[in-house]
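Same chain, two partners: chain A is paired with chain B first, then with chain C.
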Partner chain A sequence: MKNDMEKLLSDAFYAPEPKNKQAFLKNIRPREISTFEMILQQFYYIRFSVWLYVLGLIVVVVTGALLQFEAIRILFTIMMSFTAVITVLETRRSKKFGMSELEMATRYSLKSVVIARMLIVGMVSLAVLFISSPIMAISFQEDVIITTMRTMIPYLVTLFVSLRFERSVLGRSTEYGSLVIGFAVSAAMIFFHTNCREIIIGYIEMVEKWGVFIVVLLIALTVSEQCKTVKNVEEFA
Partner chain B sequence: MDLEKAYDKIYRYTYFKLNDQAVAEDIVQETFLRFMEQRGRFSDYEMRYLYTIARNLCIDEFRRVKPEPLPDDYEQRNFYSGKSTEDIVMVREALSHLSVEDQELLLLRHVNKESVGTISNALGISRFALYRRLKAAENELRMRLEVEKNEE
Partner chain C sequence: MNLSVDRLSKQYKNKIAVDRISFNLTDGVTGLLGANGAGKTTLMRMMSGILNPTSGSVTADGIPVQTEEYRALLGYLPQDFGYYPEFTAREFVQYIAALKGIEKKKAKNKTEELLETVGLSDVANKKIKTFSGGMKQRVGIAQALVNDPKILILDEPTAGLDPKERVRFRNLIAEIGKTSIVLFSTHIVSDIEHIAGNLLMIRDGQLIYEGKWDNQKGDLEQFYMEEFG
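Take a look at the complex of A and B:
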């Protein structure tokens, strides 16, 4: 239908100005929502690039594992380290914009948004880890638990160091400091993988012997670091 | 889309249905309150729910209120309260020959500019049926307008 006709229709369906619109809209308040609903809502505010990265990671790892590319093992570990960096950057984004999304400001505290974001990205990272590791293990005929732990350790180390760095004075003034940590961890892994095979063999042996203990310790340290981040969140909002 | 635009659209719709400013506005507000009670937040995607609630509330209102004779100035209130150029009067006249359902479709699609998906969901009909009915309504309106022009 032509524009001029639409204009005429618009005039033909005339309605007088509503009298109480502004007063009503001013007073209308959305109802309280549950924690679960709030977490669910936060899904919409996580950047598209994060989901794209996670999807890319799964595709790369699964394809690599099925085709049995040797390099995929180190690539998986490196990519998981960057998943940890993404978790920290997502938390930082919530803090940086002081609640990040204005429409949320009246409903939740910054603290709850940060926790929700951490929880979502953290759960997604773990989901990726627990989907990809068994595929890797089966493909390369390794123990599933050992493979998972071997990937989890650099991930947790990156997460722990990044969170600690973000709380420091330098971290607060640096925009993408945790990205540097991610690169450093990745570079170290590539270096050891290509130049110091004995260190890698030692690392695999260490994981086989002490893996569970190390993972539990790193989880405890990371959780404690996350708690500190949440606790101090209002200070550097 | 913001809440204010949604309010205007639903108000225009309920006013079309009820032709009473105060009642139309009451129903818009009731629609929003019910929606917020259920959903907690508003997004563009959920316009169809607002239309459905508003439509049901209008039906309830029809059932509740006993039919009363139209006021003397009904014709004027209904048709001449806005801008009344010759063209608009002609369109109104042509519209009055269309069924209420067809008028409703034209309002939702061409005045409120709702998507086919939103309208078909709100009215509970398939997209194909909506296209067909909309085309028929548009053709009917064009034909009526031609007749009006020729009569002049």
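Take a look at the complex of A and C:
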């Protein structure tokens, strides 16, 4: 009975066709979106392989540290350097896949997209560093701050050099230049670790004495490079 | 809405790609005709805020092209565009919707509606890399329309479309032109002669014709061939 009534009512008082609906909809201003929302949007578009690498890094480092596997100390530093490479590669992903023009014509511009990606991968890298370093330090009975700084320095050096290289003429025409830098930094670390113990000992002593100063200086230099990269991203797209 | 282009120029070292072009556009479809290398793409890229002009300005009701407010009104289809290899047609349109600041639920509904319109709803979950040229172009058209743009700039949108798709696309553009400014570049006269209320012709970076085309002026195709042939 109720259904019949509903049908009779809807037949008697049908809704009129909306007039100028499209024109009306187009005049509604789009809502404001916060920076946090923008970053969150990009979070979903970071490649799956990046998350897989980060997860793999944590698993390898934690397992190696718990088993007190000596080689994990150098492996951790190498893997962190490659995290820096991944951060840099994320900044040129739009250009690589020909998405720059489309992203530049959207509301947030390519600059915002690159900032968001750099921020996400950068924060994740630092989170991995700050989670893994204490585990390593405790496992190998070392000072947490010294272990963190010892790993952070090659990470920041790779990040700084890669960002600088990517903006150069050669870097813009080379697809995986940062990867080569990552390999070079890693090869140097392996070489010193296996052949020049005195250099490693000297490096550890230097970190103990000047570590904070070096890290702060490298952070300042890297942030400056990141700003330059963002400033030039649309020009080089 | 009034889209105003005022003495817009772009110079690359010794070459002037766009030379002091001025015009005003209102709602409706405007065809931009010109041979390859005439400066159509450069002009459209400047009107989309992608390329900084050497001089001149582009404003929509006084809103400058460089602002977020202008870009919120814009839909743009570049001549060539890429896509992230992991993207399906649906993900691609939703990604652009996200960058255009459209709410997730609205973006989802709009994406479905547009994929249906461009005839890709059956393959919405397929990766774009498996698509033909025409299908990719249709995804591009869908992304350009996702924010119901007030200004729609389409750079050679019919490239790669088969004759049936071309007709369907022309009808769609004519419909959008009723409530939006549509600038449509092509070098195929038949693409625009029936739907464009206004025409712009560009040669060597300069505007050589602006206004309505009526048959009293003769055959548009013939005029085009004489000017650009």
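Heads up, the rule we're going with is that the second predicted complex is superposed on the first by the 195 of 237 C-alpha atoms of A that agree within 3 Å, B and C clash if a C-alpha of one lies under 4 Å from a C-alpha of the other, contacts with A are read in each partner's own complex, and residues count from 1 in each chain.
By our rule, contacts are C-beta pairs under 8 Å (C-beta built on N, C-alpha and C of every residue); 3 or more make two chains touch, one makes a residue touch a chain.
Treat the numbers as computed from the prediction; the structure is a model and nothing was measured.
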item	value
Chain B versus chain C as contact partner of A:E6, first or second or both or neither	first
Chain B versus chain C as contact partner of A:Y14, first or second or both or neither	first
Chain B versus chain C as contact partner of A:V113, first or second or both or neither	second
First, second, both or neither for A:C196, with chain B first and chain C second	neither
First, second, both or neither for A:Q41, with chain B first and chain C second	both
Contact residues of chain A, present in both the chain B and the chain C interface	20, 25, 29-31, 33, 41
Chain A-facing residues of chain B, complex	3-4, 7-8, 11-12, 15-16, 21, 24-25, 28-29, 32-33, 36-37, 40-42, 81-83, 85, 87-88, 91-92, 95, 106-107, 110-111, 138
Chain A contact footprint on chain C (complex, rising order)	45, 48-50, 68, 71-72, 74, 76, 78, 80-86, 95-96, 98-103, 143, 147-150, 178-180
Residue ranges of chain A in contact with chain B within the complex	1, 5-6, 8-16, 18-21, 24-25, 28-33, 37, 41
Of chain A, residues touching chain C in the complex	20, 22-23, 25-26, 29-31, 33, 41, 45, 47-48, 93, 97-99, 101-109, 113, 234
